[in-house]
Each structure stands twice: as structure tokens, then as C-alpha cells.
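Note that chain A is present in both complexes that follow, paired respectively with chain B and with chain C.
Then we have the complex of A and B:
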């Protein structure tokens, strides 16, 4: 019954757009990303004018790379806001009991809720892609489109992975703020792992670095599609969904 | 339609439901009665497929709730104790979501919504946000949610809680009308409600069934004992003397009435024939009897007595019933203004 996934997703999306969180997140995201983008453009223009002593300065490339870096940083703060209420609110309002007693399977509930969050994030990314038009319109040499798409694929995969972890953490509590804080801490720690092993890629440092989504995001951002990094993101997503599934199962046993 | 056998549920080490067995026939309205913490909500949650039992089985329409959860859930409408609503949605959107998940075909959804809105008195608030509705309306939205797909089995956990008297009456009427072609289990601790709507009553305490019968038969049980209320004028000590001397009067109590020199007496007679003699004794003792009437036995009396007996039994067995025994109301002392 794939239809039920859609029904759950539809209900979730309606709930977002009737509550302020969606608008706060959308506005913050567009504002932050747009503002940083304009700063990047100015920097690129100045540097292009000044020229670099070493190699010819690639303005569009500089803007795109940093644009993605900005997005991945902003997501660190915004994704916890998106996932915090997904299960915590249902538990608090007692509507989990409704979902569990409707003819819905746990899988349908989980996928429906995930897709709703995911679609919302795609909307954010569409918004963040709009300023890139300037590069195609005004840059002396317009950038290649494929690497940009690959970069966005990386961002989308990162988002899917973080969302699924956030959903899991949201099932653990009835308090949205706690869920948001847990997700934020987990993601910032994972981001931070990327700083390890910069010096020497050995042992624990290498493992920690492997765990960090940023280390896998890098290759996407420069426009190379590497299957091993794709597998990392898909594994994290599956892991988060699996944990969510298990906690939903266990909720019924309490 | 509903078969529950040897159902039990443990929360940690605490047994919420112990070895519960009962059946509900198609088209029957069963009232589930018990003090708070007796296991009503737990039993209903298990029936609705919200949580699995620790032991025993539940079958609805011949299918086991645990083995065929989705099939069974399609045939059930369930109103939980905490009404599950999305305050950010409008009534129509909320019921629309339920209708979709309940697999009501798109073409019939509008009609189903119209019907349920009329039936539950929601016509005027269809476009309103649930969060803006009063408690009474929210309760009705909850009930509408449980009925929209016209299920074979309806499970209502305290459907009239939080409603005003007029609304309570409407909901009772609604439930009674549903009983014609649905099987209904409802829990409540409002006793008159049960005698008005239910064909059969199940009284549970400490997770066990302590009585199961029609409301009439249950009230018939304790009518052998006769409880009378009387208003007497005179000296209190004299009154106590006369009552102490009377035969077949195992329990009595005197409380002061509003007017000075007047006393309320609650008299429990083991023999109805005693009444004329008791009246004569009072008059001979120089006491003026202003009122003397037999108290109608209500389901409440039966309920309290059964619960009390059960608790006494447990206390005698040195079991952990102090919690309830401590505040178990005394039949004679406490509910003088029963219906």
C-alpha cells in the first residue's frame, strides 16, 4: 500500500506549512545562503580584478565551492529544526496512538514522514540554486552544469542521511528541543570528525574521518561522482531508518 | 465479534491486566467499568492493536489482533483516552487524512465526511482549525475519526469525558444509535451512562473481571439489603439508643441536618419487614420522624460494593491493595445523595 506513504506525507506537509517552523526555516535558509552568496560574488569579483600571482583565478569555481560549503554549514543548524518534531510531537500530542491504530505499517509511517521532510529540503535547495543564475549570466566563462548537479546530489545525500538520524533521535523523546539538541550535537560531532586525520591518515583518525559526512561530501562538491561515497550516504540513511524502525517497534512494547 | 481470552499485560513487574476473558456479540454495546488504574485503557489499547499483550489472545471478527494487525485495524474504529488530534489542521483536513488512510475511495470521501459531520454535530466547524475548537468539539472530532469508515467494531475510551451535560446526552444518543449495526466497547466511570447505553457491563478492578452482567441484574444483586434515609427530630443520644436497640439493623449512621435538633439517619436494614417496627420504636422514644424513604439502588452502589468487597478480599489475603482500600468509599457514609 504505497498510497498510505503518500497520505502520511501529505498530512506531514500540511502540518509543516500550517506551523511557523517551515517558514522560519525557509526564510533563515534563503537569507543566510543568499547573504553569503553575495559576499562570495564580491570576493570573486575583487580577486578576478586583482589577479593571482600563481594561477588564473577561477571565479565561478570559487563561488560554487564556497556556496556548497555555506549550504552544508547552514544545514547543520536547520536540519535539527526540521526533524525535531517529527516523532516527538506525535508522542507528546498522543497522536502516535492514532498512527499505530490506523491500518498503517511502521514502514509506511517512517517513509511518509521521511519523504515529507525530504521534499521540503528539496524546496530549500531549489531556492538556494536561484542565485547561481548570476554565474551563467555574467561570468566571463560560464561554469559547467554537470559538476554543479553532482555537487547538489552530494548536498541532497547529506540531507537524507542527517534527516534519517534526526528522525531516529526524535523517536527517543517527547520533547522537541531535546530532539533538536541531540541531532545538532550528533551532526556537529560528525562534522568535526572531518578535522581528524588531516595530518596522518592512520588508525582511529582515519576511521573517524571516514565517519564524517564532510569527508565524503568533498568529492561531490568538486564534481566527481564516486560510488564509494554514494554508498556511505546510503548506508547512513539506511542505518537511521533502521534505528527509527526499531524504536517505533519498541514504543509499542512499553 | 470480539473474543478475549486469558489476556494479561505486565508493565515491568506491575500486572495491569490479569487473565481477562470475555466475549462481545455482534451488535452488542459492552460497558467497561472500573476505577482509575483498573486496566480499562490497557485492555482497549491491546484490542485496538496499539500494544501487544504479555499473554493471552484477542480476536476480532475471528482474526487475531497480533497476527493480522492491518486486517483487524481496518475493521476497528478507536477513540483513545487522550484524543489524538492535530491542532494545526482543520477538522476537514484531519478527517480527510483519516478517510484516506482508512481507504475510503476518493469518490465516496466527500459523502463520508458530510455524513460524519452531521452525525457528530461538526457541520459548523468543518473549516476551523482543531486547535481553536472547544474541548467538546475536539471530543466530537475524535469520535468522528473513529466512526468515519463505519467500522464493525468501535472502541471508545471514555467518550463523554470533558463534555457538558447536553453534549453528553447527544453523544449517548449517538452511541445508542450506532449500537444498532456496530459492535461497541466503551469505558467510562460515569455509572448512569452505562445503565443507559450498555446491554452488558463488565466491572474490572486490579486488572481482573469482578462482575459481568446486564445493568439490571447487577443492581438486582444488592437490593436484598435495604438502605433507607430518614430525617428525625429529637435528642441525638436518645436516637442513637433507639437505633442501637433495634433488630435487623446492622449498620446505621447519624449526621446533623441543617436545622438544629434535626438529624439525618442512614439505615441499612437486613430485613424490610423491620421498617414499621423501627418507625414505631422511634416514635415511642419521643422522636419525630419527618422523612423516611428507601434509597433506590443504583449501579453506583453495586460498583462501589463490588470494588470494596474485592479490596477487602485482597487486604485479607495480605496483598498490596492498601492503595485502593485506603480510599475505597464507605457505602453507608459517602454517597447519601445518590440518584
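Then we have the complex of A and C:
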């Protein structure tokens, strides 16, 4: 079982890294995040220079929080592009039928493809974490490492949840652009639920806020780990994988 | 008939959807919604019933069976996930990984919350979130409130956008963003700089039946809390009464001052010196744990030197003039010094705006230092200020600094004095209890003419709050963000730029080129 998952994942990863697309995405992501990071660091240094001794300014926290905000915004645009081709491309090329003839279960196909995407995203995050090393050199006191790791855990959980929804939407169509657009719209609607749900903690506002991944992400970014937020991301991931599974079942049957 | 049935089903679905949408807009469920849902359901049912043969045929197809299977398992999974989420929210467990436990409550707050017997409503009037820093503030506030409500079923909180819900903002007279209204009818308390210590303090205030009594001394030409003229304190006394303080006046020659009856004694600009007996009465009151706010004006007014000396403060026989840049820009009088920067003290923390002190005298620390006393300056004039001894009355229109005789600024005009209870006192010996004093070299800054100028009113109210604070509450240290500067030279700035914008992105780019190159060569 695991061997088959491993096999599908390896094949997917090979297809990314034997084409220039993966390198271009990696380069652009690291360039964008790195450029914003350098601007943030300079801003923090300027604020330090301009600040009064009576108004405390936590430079590293300012940089780290804004850095996470940049990453989560870039993910909004990037994740739909990563998931768009996973099934839509196979359907268009007609390789889906070929895949079904192999001795692989739907679960193995789904997990293999998901893990390939997920590992690629982890590589992106590793690249985005490298600039943070400079904080240890230039901040008057080095930032605590564990809250940064908790923040990254939030980003990783958000990625897993959005990837699973993106995979489901990719099974619905043969057109990659449509798949990307659907995922983008879904994610942006979910992101905006957070804004709609700002006014109040009761009734519909609370439900909307709860549905938005951003409301759960914020807690991770400041360095706290709530079990309720963890359960939310796992639930979305499970639901996305379930939907993908059911659609693949119906595709296989047809 | 088939068409009719389809229309009925569609209309039913439409009505149900409209009811849900309407609920989404008004955010309140009522009988109308139930009625619309029932009507819609009946219409859908009628539609299906009228078209039963077609439905039956469709359901026999494999596609339909697949669909139903999909739907049922989907709904089942959703229900399970929903229950799991509900359970996690109700019994949330949190791990705070920040070094100083920035997002966890102190033991004292937990105790206060567990002892609550009445419902307390917290309404947060949020600032618009258009900056990532605002996210941090909002998240820390939200997590704080979540922790509060998790500790007591009597805490109910709500986030309100004051720009969208103006009626609410007007009802509580909200002046600033991020104000929390703490309400336990009939008491209401406004918290403008929310952190754990002030929030817990406000909750204690609205639930407690005790009103703190503040007395003004009389008999020496002091400012009157009832005087509505520009020289009076009527605005200040109204502001205190709005904050649940009970005010009174006391003549120490006629009445006895006790801590049980009076939490704070305000001596506001006496014109005549005090009798020895009166000073002894005040000393005894402070020794018993009473708090004191002393405001002394420039000579020839009373300096209360004998009283203040035991607390480490000595008013100088002078008058301060301020010809600083800030004063010139604002066009204030030379005789009214400005304070534009504040130290990190509970009274002045977070004060955004300057304060003005028309005709002030300077204060100095007594030497040798009285034992067991901590003294911190609160108010200090700008570098462009100076003080003159024996300044003529009325003061000259254009005073000049005389290097030989005058004292050059910055000069201290306000001190916060505390007698801290040591470990010996806790062990039960005869050491005096903790006491608090604030001494200011001016009383005009609280008068009606100046109370609403700059931050004068805020400063006075902060002083009273600090002086009358519950001793336990002071144990809650507000978790201010740490001050960690980032220092970059021009060379370092450039090297960070090269590292993040050129070197790091080059790594995957070069790796990509290498892989593609070797793959092509292998072919």
C-alpha cells in the first residue's frame, strides 16, 4: 500500500523536477518572499531608529508576523496553480484511464499525488525560512525559535487544507484554467469569510469566521497552538480528500 | 403536470434559499424564517410527489444510486467532522509557546473570573484591520477574551465594528478604536488601552458593590471640586463621578481622616501652610495605607515641605518658564511649561499626547534618602525650560534666562512615590503597610480651564486610578511587547538585500539549469 503511494508520489515529483516549471516557481517564490523580507527588515531598522525609548518595539516579531502574512498571501495565488493540473491535465490527456488500469487504489493515487504537492510546498517553505536566519544576527535579542515553528505549522496546515480542496476541484474539469479559477475563487471566498465575520462572535458571523482558514491561522502565527484550530484544518483536509475520493470513484465507474 | 411539479420544487427551493439568505443579512432567526422553510419544504415535497413516477425511474439508475451514496456518506462525514469541531471548541486546549507566556492569563485574573456571580458583557470596538500589526493586536485581544470566557460562564464578549455599528458606538460614547466597554448593569466601565491588568481591574470595578471614596482637603484655600469657574475642579470631579468614585470634602481640623472612609486624599493647591496637627493627621492616614495626591503651586503658596520631606520630595521655591521649541510651535505661554515625553510608569504608560502645566514649581529629591521608599519622576519639562527663584508676582511678560541665578531644565515637576512592603512585613512584624503618593508642582493643570487641554484630564484620572488601585491588581504585570531593536548598517542592509533577492533565488534557478542541462546531455 505505502509502496504504491510512494511510487505515485515519486512519479509526480519527477514530473515536476524534470520540467523547468518547478524551478521557475521555486525561484519566483523565494525571490518574492525574500524581497519583501529585506524590505521588512529595513522597515524594522528604521522604526527602531525613529522610535522613542518609551514605546517598546519588538523588531523580530514585527518582521516574522509580516513575513508570515506575505507567505499566506502568496499562497492564495500559488496553491491554485499548483493543484490545477493534478487531475485536470490527466483527464485532458486521457492518461486518467491509464492510471486506472494500473494496480492502484483510488486512495493510493490521491495520497501519492497529495504528498507530491505537499512535499513541493514544504520545499518552498524551507526556502522562505532561510532569510529569517539574518534576524539572529541583527536583532538585539534573538527571536524564540518555537513560536516561529508553530507559525510555520499553521502555514503547513493551511497548505494541506487548500491542496486537498484544490485536488477535488481539479477532478471536476478537464480544463486546468477552470480548475485554477475554481480553487482561487473558493479560497478567496473562504479568506473573505474572515472579514465578513469580524462583526460579532454570535450567530452567522461566528459561523463565517469559523469557516475561514485565516481566523484559525492567526492563532498559529502569533505562536499559540489551539487544538480547536488544529482540528479545523484536519477536518477541511479530510473533507477535501473525501470529495476527491468520491469523484475519482465515479470517474472510474464511468 | 410534470412541468407544474418541477416549478413547485423550484419555487420551494427558492423560498428556502431566500429565507436562509435573509437570515444571513439580518443575523436573527424568527418565526418568518421557520414559516418560509416549512412552505419551501412542502412545495418541494409536493413537486416530488406529483412527479413520483419519474423520480422512481431515475432512482433506479446506477448513477442515481451512486449519487445517493455520495450524498449520504458526505452528510455523515460532515456531521462527524462538525461534532468533532464543536467538541474541540468547547473543550479547547491551548499551548502558548511564546517565551513570556504572552497569551496566558495570570493566576489572579483566573481567581477573579472564577469568583464572578453576575454576567459581565465585554464589547470591543475594533480598529479597522488594514495593517498586519493590527492583526497581531486583534488576535492577542481575541485570544485574551477567549481565555476570559473559557474561565467563567459569566463572561460574554462581542467584537463590534464602530464604523458599521455607529448606534452602538454612540450609545457608549466611544472616542477611540480598540476601546472595550465592560458592562454589568447598572455599572459600565470603558477600557481604552486594553491589557489583562486593566481589563481585570475594570471587571472587578463593575461587579463590586464598593464605591471608592475620594476626599478633597479644605480650609487652606484649596481648589474646590464644586467650583464651575475656570479655576475650579468641577470637570475633574464630574469625570471621577462617572468612574464610580464618590467624592467628598474634609477639613482636617474638624474631622478625622481614616483609610476605611477615604481611599484617596487630594490636596489641590493650598494657599496657606498647614498646622502641625493637620500634617500629623495626614501622616497617620498614609501610614495606615491611605493614598495621597498633592498638588502645590509656585510661591507664595504653601509648599507642604514638612509633609513631603518624609516621602523624599522637596518642592523648590521657584517658578518654571518654558521657551522650548515645542512651546513655540504650539504657541503656548512661556509661563506654562509643557511635558512631551513620559517615563514607563503605570500612570504615564501609553500617554500619546503632551500635557501643559500653567505656572508650575519644580521638585527635587531629598537627601539623605528615606528608607523603604521608591520614587520615580513622572513629569519632566523640556530642555528649553528653566526655573527662577523669587520670581516677581505677577510673572514678567517676557522672562529671560539668567545663567548666574536660574536653574536650567529639564526640571522634575511630578513624582510617584511608593512605599513597598518588604518580606519582613509579610512575616507579620510591625513594618508599615504599602502606601502611594503622587506629588505635582502645579494644580492649574486639573482646573476647568485646562482639564480638557492636551492629555491633562487623562493624566489626572490615571493618577487617581493608580493611587486607588487594588493592591492585588497591581500584582498583574501587563505583558508589554518586549523592546527588541533591529540595528542595520548600510553595508549590512545591502548584504541582506543581496542574500535574499539574488543569492537565495539563484540556488533553485541554477539547480534547474543544471538538471535540464544534464538531462539533455544524457539524451
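Throughout what follows, the second predicted complex is superposed on the first by the 249 of 254 C-alpha atoms of A that agree within 3 Å, B and C clash if a C-alpha of one lies under 4 Å from a C-alpha of the other, contacts with A are read in each partner's own complex, and residues count from 1 in each chain.
Basically, a residue touches a chain if its C-beta (ideal position, glycine included) is under 8 Å from a C-beta of that chain, and two chains touch if they have at least 3 such contacts.
Given the structure is predicted, the values throughout are model-derived calculations rather than measurements.
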Superposition on chain A - do chain B and chain C clash or fit: fit
Vertex chain A, arms to chain B and chain C (CA centres, degrees, nearest 10): 160
Partner chain(s) touched by A:211 [first = chain B, second = chain C, both, neither]: neither
Which of chain B and chain C A:178 touches, first, second, both or neither: neither
Partner chain in contact with A:42 - chain B first, chain C second, else both or neither: second
Comparing the two partners chain B and chain C, which touches a greater set of residues in chain A: C
Touching partner for A:129 - first (chain B), second (chain C), both, neither: neither
Chain B versus chain C as contact partner of A:95, first or second or both or neither: first
Contacts of A:18 with chain B and chain C, given as first, second, both or neither: both
Chain B and chain C, minimum CA distance [Å, superposed model]: 5
On chain A, positions contacted by chain B and by chain C: 18, 253
Of all residues in chain A, those that touch chain C in their complex: 17-18, 20, 22-24, 26-28, 30-31, 34-35, 37-38, 41-42, 44-45, 48, 51-52, 54, 56-63, 65-66, 69, 127, 130-131, 134-135, 138-141, 143-144, 146-147, 149-150, 198-205, 210, 218-219, 221-228, 230-232, 235, 238-239, 242-243, 246, 249-250, 253
Residues of chain C defined as touching chain A within the complex: 23-24, 27-28, 62, 66, 70, 73-74, 77-78, 81, 84-85, 88-89, 92-99, 102-103, 126, 129, 132-133, 135-136, 138-140, 143, 157-161, 164-165, 341-344, 480-488, 492-493, 496-497, 499-501, 504-505, 507-509, 511-513, 515-516, 519
Residue ranges of chain B touching chain A (in the complex, touch as defined): 11, 45, 48-52, 70, 73-74, 76, 78, 80, 82-89, 93, 97-98, 100-103, 129, 145
Interface residues, chain A side, partner chain B - complex: 3-4, 7-8, 10-11, 14-15, 18-19, 93-98, 100-105, 252-254
